[in-house]
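What follows is a set of notes on a single structure, which appears directly below.
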Amino acid sequence: MKLVTAIIKPHQLDEVKEALEAYGISGMTVSEASGYGRQRGHSEVYRGAEYTVDFVPKVRVEVLVDDIDATSVADVILKGAQTGRIGDGKIWTVPVEDVVRVRTGERGVDAL
Amino acid sequence: MKLVTAIIKPHQLDEVKEALEAYGISGMTVSEASGYGRQRGHSEVYRGAEYTVDFVPKVRVEVLVDDIDATSVADVILKGAQTGRIGDGKIWTVPVEDVVRVRTGERGVDAL
Amino acid sequence: MKLVTAIIKPHQLDEVKEALEAYGISGMTVSEASGYGRQRGHSEVYRGAEYTVDFVPKVRVEVLVDDIDATSVADVILKGAQTGRIGDGKIWTVPVEDVVRVRTGERGVDAL
Amino acid sequence: MVLRMSAITFVAADVPFTDSGNTAWVLAAAALVLFMTPGLALFYGGMVRTKSVLNMMMMSFITMGTVGTVWILWGYSETFGPDVGGGIVGNPFTHFGLKGILDQIYGYVPADAAAGTAAAGGIPAPAFVAFQVVFAIIAVALVSGAIADRAKFTAWTVFTVVWATLVYFPAAHWVFAFSGYAAETGGWIANKADGLLFGGAGAYDFAGGTAIHINAGAAGLALAIVLGKRIGFAKEPMRPHNLTLVMIGAGILWFGWFGFNAGSALGAGTQAAGVWVNTLAATCTAMLGWLIVEKVRDGHPTSLGAASGVVAGLVAITPACATVSPIGALIVGLVAGAGCALAVGLKFRFGFDDSLDVVGVHLVGGLIGTLLIGLLATKGSPTGAAGLDVNEGVFYGGGFSQLGAQVTGALTVMVFSFVMTYLIGLAIHKTIGFRVDDTQESQGVDLSEHAESAYDLSGLTGGRFGSPGAVSTASSGKPAKTHEGASA
Amino acid sequence: MVLRMSAITFVAADVPFTDSGNTAWVLAAAALVLFMTPGLALFYGGMVRTKSVLNMMMMSFITMGTVGTVWILWGYSETFGPDVGGGIVGNPFTHFGLKGILDQIYGYVPADAAAGTAAAGGIPAPAFVAFQVVFAIIAVALVSGAIADRAKFTAWTVFTVVWATLVYFPAAHWVFAFSGYAAETGGWIANKADGLLFGGAGAYDFAGGTAIHINAGAAGLALAIVLGKRIGFAKEPMRPHNLTLVMIGAGILWFGWFGFNAGSALGAGTQAAGVWVNTLAATCTAMLGWLIVEKVRDGHPTSLGAASGVVAGLVAITPACATVSPIGALIVGLVAGAGCALAVGLKFRFGFDDSLDVVGVHLVGGLIGTLLIGLLATKGSPTGAAGLDVNEGVFYGGGFSQLGAQVTGALTVMVFSFVMTYLIGLAIHKTIGFRVDDTQESQGVDLSEHAESAYDLSGLTGGRFGSPGAVSTASSGKPAKTHEGASA
Amino acid sequence: MVLRMSAITFVAADVPFTDSGNTAWVLAAAALVLFMTPGLALFYGGMVRTKSVLNMMMMSFITMGTVGTVWILWGYSETFGPDVGGGIVGNPFTHFGLKGILDQIYGYVPADAAAGTAAAGGIPAPAFVAFQVVFAIIAVALVSGAIADRAKFTAWTVFTVVWATLVYFPAAHWVFAFSGYAAETGGWIANKADGLLFGGAGAYDFAGGTAIHINAGAAGLALAIVLGKRIGFAKEPMRPHNLTLVMIGAGILWFGWFGFNAGSALGAGTQAAGVWVNTLAATCTAMLGWLIVEKVRDGHPTSLGAASGVVAGLVAITPACATVSPIGALIVGLVAGAGCALAVGLKFRFGFDDSLDVVGVHLVGGLIGTLLIGLLATKGSPTGAAGLDVNEGVFYGGGFSQLGAQVTGALTVMVFSFVMTYLIGLAIHKTIGFRVDDTQESQGVDLSEHAESAYDLSGLTGGRFGSPGAVSTASSGKPAKTHEGASA
């Protein structure tokens, strides 16, 4: 099994979620993140003192998938997340040795 | 070494923590997450317009363990997190190539 | 490729970021976390009832790197994050099978 | 409470006239007291967990809606209408819908009255109605603190109407209805006269230590028992989710309370001014008293402690503000601050989940203030300074007569309120149910009772995760369940 | 609005004198109304998304700055100065900079006037100036709710000045300028006399249902159309980011509104007191009305609904508070609460993005209140109780004459406001642009317009991620762009 | 400050009488000013980082507790009691505990006094006590802004008592004690008479530009120097953690300030009303002034700038509100807004960490307002309109005499305050320590000083991570360290 992790623009989450569902993936875990990269942050000014905020709000999406789905899931996310503008983010895939569904204790592919 | 990651119900965090401690694990990292899966979200209504909140609050627990502990730690978490109701979450295990304790610079199993 | 993940003290983020930049890494993803370990939390008191807060605020830094950079990046983070006091955190490295840059669809090392 | 009057009234007239100064103060005071209930909503709302802050605030807000309506319909008449006998309760039908009082003036002095016996002068009756309705509202709203995090909103809504009618209006009649001010015969606790129950108690309660705070405190205890403890009480941490809200709420309460106490003089004169000062005095030392207890007992003075101390001091000085000296007020505050700081732990010892300490602050604080009058009442008080008689307390050589009156007033209201509230609470609980189910409680009453959540601060997309794309308007182009058309 | 006066004025004098009681109330009321605009800032601010809360609040705050300044320069004179003819508008130059009025006293009764015909007495002119400027400010600020999340701040700033001058001041003259009170000839809607446009309408609008709420509501609609919908309107969720702010805001608005309505009596007497009570009455039932609609339609009564109901009730009772009975006020509130709860959905049906429902609450609520006067006006009202004449409404057998006057007033203001605002909005939009670009809108107007973000609660290092080490003072030892030196 | 009086007093009497209208306004104004300190707590609290918001608010709250208590004990007497000689200070023992003043009436006109020389009439002494205590409280609380994020709470608590006694009460005596109003001889800055220090300055300071703002500003500077810079000052970002709190606070301050300034007329007449208008005028242009500086210098007008501009304008108009014209007030505001916006950068240049700009806003704003009186004082002001004499300023042809008086008052208070505060601060620092240690500062003073944290919004389980199961009540069934029993 694999864990596909994507760092995307918050605005694209909706599209990614729908794309994954369309593909047949119905489970995922999402969390807040901040990104640093080519996309620059912004400046804020308080009583004349300027603060540079380097990090940009991002969303992390994690999907556990069967080995054979890994590449296509990454592609599905790619399609949903792409806007073509700087800061679109990254997707990476990591090998997973074991998965358990907590409710039932099922293991492996059945647990997905 | 392995990294055991669990997505659990926030309410179970306490039990999971105690179970891990009882097992002898005394370090872990925890963060907020939102889950999407069989468990459904809820609806909110503001001035008559209804919003569906698809994601459900979850907690992510991460524990670095020695290879031989990986399965039993997953089991320990499983026991602490299980309520038997939909949305109990997932546990997965990923291989780790290197661990460093920042304070001392120790590496590998000593760093756990 | 590898994913280097570090759990560090929030106050050290700035130094870590600068150290990474100096080393030539210009992308990373950061998020909030809470840690549990040797470093103890604190107590709060509300109307005479005492609450123990076990978890300590931490920051998670994640950097995707080429295989050959993995160890040195961990070292760079180590140097930036180390204060020598309990609670400095952990760094671990996980193998990554695939990376995609969302904007361009580039894959592998080019996507870093 | 002593006869409320401004220091010296200098005009007597054959026709009732409005004293615009006294009226200006009463109108301003009424607005100040009205503001206290939103203040209470914040004070209480900040103390609960994120998942029930809206429900907590809504219990105060809906009380404004229901009790305000009921007051205009029958509450005013039940409280200040012609006594049905014995000083027990007013006739709720006489002034139903405020019938017949809109053009009345209260408290003027007919020209043939002896100069110098003047009463607080020239308040249009609706100003008095306004000032008293906001008392009724907050008295009921205070109770909600005892049942945080678990009450059914409709059950609470029903409770507010029933409790106001069966418990608050009678108690307010006993304590606030002065013979001759609005109706001829007033309540039996405030007055002393043949024909009143027990001949009347003649207790001093200037602004409502008994009718409001002991009453709400005892009711809170009863409801906390009826509803039972929250899941996880005394096991799980239930810390205040937003102390800045608590502090804003405390600030608003403090501000509004000057209307509450000094407005109770029903005029802008020496008595009102002295009451203002005493109200501040007690609050200051109560804050200090609470913080000293915390520093000694827990090691740290806290902001929740400061806010709580302020409220405890305000509660305790409420009955006493007109009949103690400024030094007396400093003492009342100190005792109340320290006493309530100690009292808020009782719930853990006795195992009742009075969630936001309505008992520890309002019942205990109300008792402290009401009873200390028996010791500290003096002619060197705002009432004495205004030239009115004061039956002095034990410490001023006045003997135990006033203390006896205070005990009578305090205990009667406490027992009456506890018993009645327990019965009303039980009746609601056994019929429509007063408590949400366990799942709803865990998930939070904001969601189950109001389909809302208080905060969405993430700033990602449209808000919290999961919101994206989730508005039900998405497919249809308009909100799925949205209302159809509008009137007018 | 009827002639504003306190119940009975008991002094007539050859020299103008100040009635300190009436003045005390007007000064307090003016402060209360001033407080409403920050309250509005919170009420509106809590309803938008995190990324535009500061901009939302700033639209209210800047209005205080610009309209307050302009009022003192020419606004007062344009509204209450000598009429230029027909009751259309005052002369903006006569009292430019408040020239010539600082020592005037309004509303006193010369000694030779017949006793009993007394008017609300003895208000120093600057107190009247104070009371009216805060009306002007909030009228303009209300409009901003229609264009949340997308307006250019400078464009809004320009708009406030132009709109106040071309729309609000004239409308306020029509409705609030009573012949003989400040200038000899007043506005054509409030008065009836030869020489006024159409002979004057003689409509009742005690505290501004037409000049303020219908005016702001119609203006909001026009601006919402000019600016167009937000990106994602009716598709993406745009839920309130902080309902505790909304509740604080509603509490402050409620509190301040007693100054708004009861202060409009310009004295502290029977009329003011009755208005106070009616204002509360309508708010209570409006909250209930809104919540009942929600319970029936959506399944849950919400806190946003309670807050909105309160505001809807306040809006509707504003014109009516002096001429309906307390029971009438309960009815006005109930109709307004339920009516506005239904009306806020209209924007989805008609597809205009009146973001915070200025139309649904202020236009609809203002119309409900203004028109219901035609049905419910009665001598059993605060005005009647104060001994003044009331032209009764349809339900009280008064026929349709007053209803006709109400319709005239309401429609004229509505049409005038919509047309004028549309033209002003368009002019600004075509020149400097009224809307930020799409990227700025997505990122949030707080950043693009103010270079700020509202919250930084993480508690990590210096705050939000990315802040660490990022202050531009880091290298140079002082903020890069910081100002140079100070004056004085 | 000129003699405070309402326009025309129409009653003279052989016995002192209460003017209920004037009293109503003073009581309301006192409540308004009291509300300012919680408002300040929010204004300051929102500006610091999450980890010290509670401590910031607590510094204001504890000041209410300590200074309120001390005022009643000896503060009133020290400020307004019989002068010990030269107009330097009152006798703190004469009215200890408010002894002997509860039934006094200030400012009435004996019947044999010449008509027309009437003073502001008929205020019960406790109303004056009430109005002045809230001034004392906020003056002290203002100072805390200079030492955000790092002060020991107990040290601050001690400081409030010592500073009030040694610095504020004397300065208030100089400026606020009018000969003949409460005691026979008043302070040397406000009055001019033989026997006063230097014969008296006769400076105008209507509501406390010198005694409050210059005083607090200079004290803030001294304390900032004593405590030293925060860790990371001018390197790490220290941005406001919650600007909505700042805006609420600014709104409350603005609202309350009408009590502060217009209440200082001690009556509800022409002077008070004119002061109200001037107070608004200056605030409006000060907001505009600050925002214009920001727009030009930084590119964006900010909400923090708007809030700061409002406060700067209020500070500057405080001394000047009664003696300048409305146009003059617009000018004072504009100068103050722009001037303070430039001045807040001084701390980076000179390297003192006046964390929340007490110097930049209160010292600079206070100086601007106090000195501009010397230029802008005119008979066309509220004081002139009330029929009282005004010594006109340079721009009105009055020459430099008033400017000289203003400079004397301003500089004396500034130097006195700086020196005294530096010594007091140092004494506390060297004994009990005024600053937390570095670890505590990094972790946040909320935790180290109060064992609390402000927010717990996550909504997960009982709150923040780590809380689950962590309540110390878990094992024992009751909170480990909880208090034992209660009193009463």
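Lettered A, B, C, D, E and F in written order, each chain numbered from 1.
One rule holds in what follows: a contact is a pair of C-beta atoms (placed from the backbone, for glycine too) under 8 Å apart; a residue touches a chain by one contact, two chains touch by 3 or more.
Just so it is clear, the model here is predicted, and its values are computed rather than measured.
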Report summary line: Min route length, chain touch network, chain D to chain F, equals 1
Query - Target chain F, source chain A, minimum contact steps - result: 1
Report summary line: When B-E and C-F are ranked by contacting C-beta pairs, first place goes to C-F
Report task. Among B-E, C-F or A-E, find the interface that matches A-F: by residue number, over half of the contact pairs should be common to both. Result -> B-E
Query raised in the report: Taking each chain's centre as its mean C-alpha position, how far apart are chain B and chain D in Å?
Result: 47
Report task. Take the average of all CA coordinates in chain C, do the same for chain D, and state the distance between these two points in whole angstrom. Result -> 52
Report task. Between chain E and chain F, tell me the centre distance in angstrom, where each centre is the average of that chain's C-alpha atoms. Result -> 31
Query raised in the report: In whole angstrom, what separates the CA-based centres of chain B and chain C?
Result: 17
Report summary line: In chain E, the residues touching two or more other chains are 19-22, 24-25, 28, 237, 239-240, 242, 248, 252, 268, 297-300, 302, 304, 341, 344-345, 348, 451-453, 455, 457-459, 461, 465-471, 473, 479, 481-483
Query raised in the report: Of all the residues in chain B, which ones touch at least 2 other chains?
Result: 11, 17, 30-32, 34, 36, 44-46, 48-51, 54-55, 94-95
Report task. Give every residue of chain D touching chain E within the complex, in rising order. Result -> 11, 13, 15, 17-28, 30-31, 34-35, 37-39, 41-42, 45, 53-54, 57-58, 61-62, 64-66, 68-69, 72-73, 97-98, 102-103, 105, 123-127, 129-130, 133, 153, 242, 245, 248, 252, 268, 449-459, 461-463, 467-471, 473-474, 477-479, 481-488
Query raised in the report: Can you list the chain F residues touching chain E in their complex?
Result: 6-8, 10, 19-22, 24-25, 28, 32, 49-51, 121, 232, 234-244, 247-248, 250-252, 254-255, 258-259, 262, 267-270, 272-274, 276-277, 280-281, 283-285, 287-288, 291, 293, 297-304, 306-307, 309-310, 325-327, 330, 335, 338-346, 348-349, 360, 364, 367-368, 371, 380-382, 384-387, 444, 453, 455, 457
Query raised in the report: Taking the complex as given, what residues does chain B use to touch chain C?
Result: 1, 3, 17, 26-32, 64, 94-103, 105, 111
Report summary line: chain C contacts chain D in the complex at 44-51
**Report entry** Of chain C, residues touching chain B in the complex
**Finding:** 2, 6-8, 31-38, 54-55, 58, 60, 70-71, 74, 77-78, 81-95
